[in-house]
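Following this message is one structure expressed as structure tokens.
Going by the order they are written in, the chains are A, B and C; count residues from 1 in each one.
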Amino acid sequence: MTGLSADNFVSYSYRELPKKNFNFGLLFTLVGLIGIVLGYALEPERTSFNLIIVFTWLTSIGIGSIFFIGIEYLTGAVWSVPFRRIAEINSAFVLVAPIIAIPVIFNIHSIYHWSHPEALIHDEILKNKSAYLNQTFFVIRFIVTFLLWFLFYFLIIRNSSKQDTSKDQRSTRRNTIISAIFMPIFAVTLTLFSIDWLMSLEPHWYSTIFGVYYFSGTILASIALFTFISIALNESGFLVEGLNREHYYSMGALLFAFTNFWAYIAFSQFMLIWYANLPEETFWFINRGVGSWLYWSIGIIFVKFIVPYIFLLPQPAKMDPKRLKFASLWILFAHYYDLYWIVMPTYSKTGVVFSWIELSAIVFSIGLLVVCSYFFSKGRNLVPIGDPKLKRGIEFHL
Amino acid sequence: MNIEIDYTVEPEVVKNQPSHSSVNDAIAAPLETKPSIKYYIALGISGSLLLTGAICLGFSFYYGVGLWGNNQPVGWAIPIVNFVFWVGIGHAGTLISAILFLFRQRWRTGIARFAEAMTIFAVITAGLFPLIHTGRPWLAGYLFPLPNQHHLWVNFTSPLIWDVFAVSTYLTVSFVFWYVGLIPDLAILRDRTQSKVKKIIYSIFSLGWRHSNRHWHHYEMLYLILAGFATPLVLSVHTIVSFDFAVSIVPGWHTTIFPPYFVAGAIFSGFAMVQNVLIVVRKIFHIEHIISLDTLEKMNKVMLATGMMVGYAYGVEFFIAWYSGNPLESFVFFNRVFGNYAWAYWIMVSCNVIFTQLFWFKKIRRNIPIMFVIGVLVNVGMWFERFVIVISTLSKDFLPSSWGYYKPTLVDIGILLGSFGLFFTLVILFIRALPVVSISEVKAVIKGSQPQHH
Amino acid sequence: MENKENRNLYAVGALFDSPNKLVAFAKKLVNEGYRFWDVHSSYPLHGLPKIMRLKWSPLGYVALVLGLTGTLTGLFLTYWTMSVDYRLTIGGKPWFSFPAFVPVLFELTVLLASVGTAIVMLFIIFKLPNNRHPLHDSEYLKKVSVDKCGIIVESHDAKFDYQTIRSLFGEYGASEVVDIYYNEEEIAYKPRVFEPKFIVFLVVIAILTSAFGYLFNNKVLYLPPFDFMLKQFKVNPQSESMFFADGFGMRTPVAGTVARGQRDYPFKGKPDEAGEKLVNPLLSTNDVLELGKRKYNTFCSPCHGWRGEGDSRLNGQFPNPPSLHSEKVRNWSDGRIYHVIMEGQNIMPSYASQLTEKERWAIILYIRALQRSLNAKQEDVK
């Protein structure tokens, strides 16, 4: 019962990914890195703000992927099993992201207002919060959060990789249990993470839904990258035979569903604050309506909701590989756009800023995405060939 | 490690591979046999509860709502608590029939019909409360934007009007969803019944359905569309109910997490109610192979998940109340935990968050008596959650001079009992009047029902 | 086969025990090019629409169109009622506060789309309810309802041949082959809208609803407990009161007091003096004329007419009022007209209590404008 019978084996042979894209990625990373290092030397504050965007963006993809894998185990989904290794590779961004946070932590005073001891003296509210918002505890939370995430990353990935050779059904069972334990921890850590790194940029502002808001973007971005890589690899034949539009449909449907979910959460947050009109809350949105920020704020409705909504609404669009690839890249971009909207108004209060520093941050993120995907997929089977649900996953029909 | 699951095969939804005709017989049996004495006892109990409620309501209309405990500062009292509670119960049905349908969770087939019916009954029950809370329900027509000679319209910026739209839309769409699902079953009953009167009734309501696959083709599309619309609808309804509270500036009510938190709570309590009733139904009508223990276990898992979401919301609310540095916010939450209504708060937390943690254990998830008790506790807890939100918040408002301690009167409690009476009377009548499980959906998932294409 | 029976044949049907055999037969029919045939099963068979080469269901577009209709209806309803027809400032929000209307828009979208699509499918595409279909209540359908799946080939298909079909059914392993006939009565039946029974039914419904509506609105709502808003512990105008010694509910003002905004009129009974001494304090600005027009239309126009020509809506019921365009009135000073409004003239009563001071002067300016419109001077043209 624990092993797999032979008729559940799937023929798969490992193929090296082509080097060409990797070289592009490396180039992007290096150019971006040079830009960032230069920026950090010339304008450390501005660069640090950009690094927060890059950091939270990559963390989104990484931790969202672990969440996605967990959900697959918990719900017993089968359609996603042939693609699960891709989500596993994506989840490795959890390992990379904290490196980006280190220069930010060293520059914490220019970013987080609450980290100034002198700011607390005249500010009753910040003084009350200082038990939570202080440098030491901030760093401790950062380390503990990522250690927890590393732990679950290694547990889940190790079980899944071991299964490739052992074909042991017990690994699936173990991962299911690990995923169940991961879920509540994920909820708490992700919420605290979003409060620490994003919400406390405006230390006076608070919104209880903020953790859910960041979660909605997280899951959207991670599914988007998963969709893009899955379809791209499958089209060039790196995966197994028999994966088709019926599998893509679920990815399209999930992207569509979570686009709506994001809109729901974002609307709830905005509407409640707008309606109650309390000065201690509205200023966050008012800051995002100053100067050219207004256009950026209106743009977010289109970029993150209306465009992907209309694009993914027709049934055929959810299956069409071309349209799905475009939609998933768009959604990845939209998440970056969203994070920019959350982070940058604290730096530039008068309007949107964009220069070579922002550009190099973007170039760096794209490059890192490619390089890390290659690095972490090296020598690994791109399909979980030992998974007992693989056969069913390949034969999946709507 | 003990392995009971073989992941290589799809778990069967319907156990023991029954034949199609035996499915017909099993599901139609309650409609064709004379009910036992137990049925009448159950109907008698729920009927007398309903009567109690009706009498209390009659008094309330005749003498006015002064018979209730509602008074300053607690103006929104038990009626609103009951409203939110019952709307919440109504959420599981559409969740099971629509969201789980979209997620292709096939275990929903056995319970979808029943859950949908419960949705309708719960929303009917819920809808009564805002009406009676107005004190003059006979003027309820003015809640709708009817053209009139004064050019006077409803206030569309008011969340109470959103409620009118949300609840009535929800009732209508749930009904359509339920009825569309019933049509093929009614056709099966029509072709099966021997009684002349029943034949006429089934013929009228089955609309002359002929099981044509040219029709099924559109029918499945419609089902998908209805599910697609019902999914955001079910989220929107409790979201809008939460807006009733959250758009205000009352500390403890105005908090942005309310929409998803209310939705999770609604699904939580709805699942508990569906689980409770199904445990009874499957036992009485011997359909344990259709509503299997696996299905109940999955429901318990959903309850565990949503229970933790609710717990998460409690935690976040609490944390942010402190984090905000707003003394009003902190006071309200401190008051909830240690104030006059601390007993209600601790009932809520223990029932919703602590007891449900027992579902981590597989043994408990599959133990019917224990899960039944936990289901009941969850509903108690969820009722008290609304009690805490409405009453403990209002009882200490901005002006300490007007603080008060709200106590429901006997009439209030009578109406609450009456709402349970109404709900269960409708459920009990439904069990005998219509198939409690979708015959066509069950047939479709039995092994060997579908053609092999490869 | 006799001719008559042949004419009545609707279709030949076969019942299969397993869907696999049926699918094989369906493939055969498609390949042979049959067009009027159908498969019956008490649950949807997966993959069959593809085999039957059914067109993609248009219901998605129906839902889209209906949903957009719902959104636009909601948008119009909220915009027109809240921002145009009856504007109320609520919570300091703008009249058109879109975020607050989103819930209503959303609900209307869902309502129209889901209910409408269901109606379109059932009643327009399927043309249900239809209990006169040849298949309805047939033994064939009854067996499908239990555990068989069936396939029929209709007799009006161009390729239909009775014997071929029957033998094909046998070949593919049908457990039972049946002929399905039209029922003569069913063919002959034509639903009539103007059947006397139906009309009587409609009339009865109409009478019942109107009677109920009348009784509820005019009788029931005035009975206890519905009337509690009518009986209140307050003094209504003109009503008796035991509280005061004189028994009157209404009180006269305390001697020597003047109500706010009320000034003593010093020219009682002295029209000419009023004409000389009173001066219009207002300038004929746009706002003032608008006010004057509104008040004139409300209080003066019933008798004097919309344009002051004495051609009123009440013409003939009272002695007609004189035109305001007469030489006399045109030459009156503003104060003299003011006196008429205050005191009345001939049959015209005083309008002092209906109009405030400002409104009276505004009306006079409006009357001046009316006069100039009919008897313009040369300099007005400039």
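Everything below uses one rule, namely that contacts are C-beta pairs under 8 Å (C-beta built on N, C-alpha and C of every residue); 3 or more make two chains touch, one makes a residue touch a chain.
Here the structure is a predicted model, which is why all the values come from computation and not from measurement.
Q: When the mean CA coordinate of each chain is compared with the mean CA coordinate of the whole protein, which chain is closest?
A: Closest chain centre to the overall C-alpha centroid: B.
Q: Going by the contact definition up top, give me the pair of chains with the most C-beta pairs touching.
A: B-C
Q: Quick check: how many Å separate the C-alpha centres of subunit A and subunit B?
A: Those two chain centres are 34 Å apart.
Q: Could you please state the distance in Å, as a whole number, between where the Cα atoms of subunit B are centred and where those of subunit C are centred?
A: That gives a centre separation of 33 Å.
Q: Centroid from C-alpha atoms only, then distance subunit A to subunit C, rounded to Å. What do you get?
A: Taking the mean C-alpha position of each chain, the two centres sit 49 Å apart.
Q: Which residues does subunit A have that touch at least 2 chains other than itself?
A: 271, 275, 277
Q: Send over the residues of subunit B in touch with two or more other chains.
A: Answer for subunit B, listing residues that touch two or more other chains: 232, 243.
Q: Specify, in ascending order, the residues of subunit C that touch 2 or more different other chains.
A: Expected reply: 46, 60, 91, 93, 100.
Q: Under the definition above, what is the set of subunit C residues touching subunit A in their complex?
A: Touching subunit A: residues 46, 60, 91-93, 99-100, 102 of subunit C.
Q: Of all residues in subunit A, which touch subunit C in the complex?
A: Touching subunit C from subunit A are residues 267, 270-271, 274-275, 277, 314-315, 397.
Q: Which residues of subunit B touch subunit A in the complex?
A: It is residues 1, 3, 5-11, 102-105, 232, 235, 239, 243, 246-249, 254-260, 305, 308-309, 312-313, 315-317, 320, 323-326, 360 of subunit B that touch subunit A.
Q: Given the complex with subunit B, which residues does subunit A contribute to the contact?
A: 1-2, 4-5, 8, 75-76, 78, 124-126, 128-129, 132, 169-170, 172-174, 180, 183-184, 187-188, 191, 195, 204, 206-212, 253, 257, 260, 264-265, 268-269, 271-273, 275-278, 280, 387-389, 391-392, 398
Q: Please give the residue numbers of subunit C that touch subunit B in the complex, ascending.
A: Subunit C reaches subunit B through residues 18-20, 22-23, 38-49, 52, 54, 57, 59-60, 63, 67, 77-78, 81-82, 85-86, 88, 90-91, 93, 97, 100-101, 103-104, 106-108, 110-111, 113-115, 117-118, 121-122, 125-126, 128-133, 135-137, 141-142, 144-147, 221, 224-226, 228.
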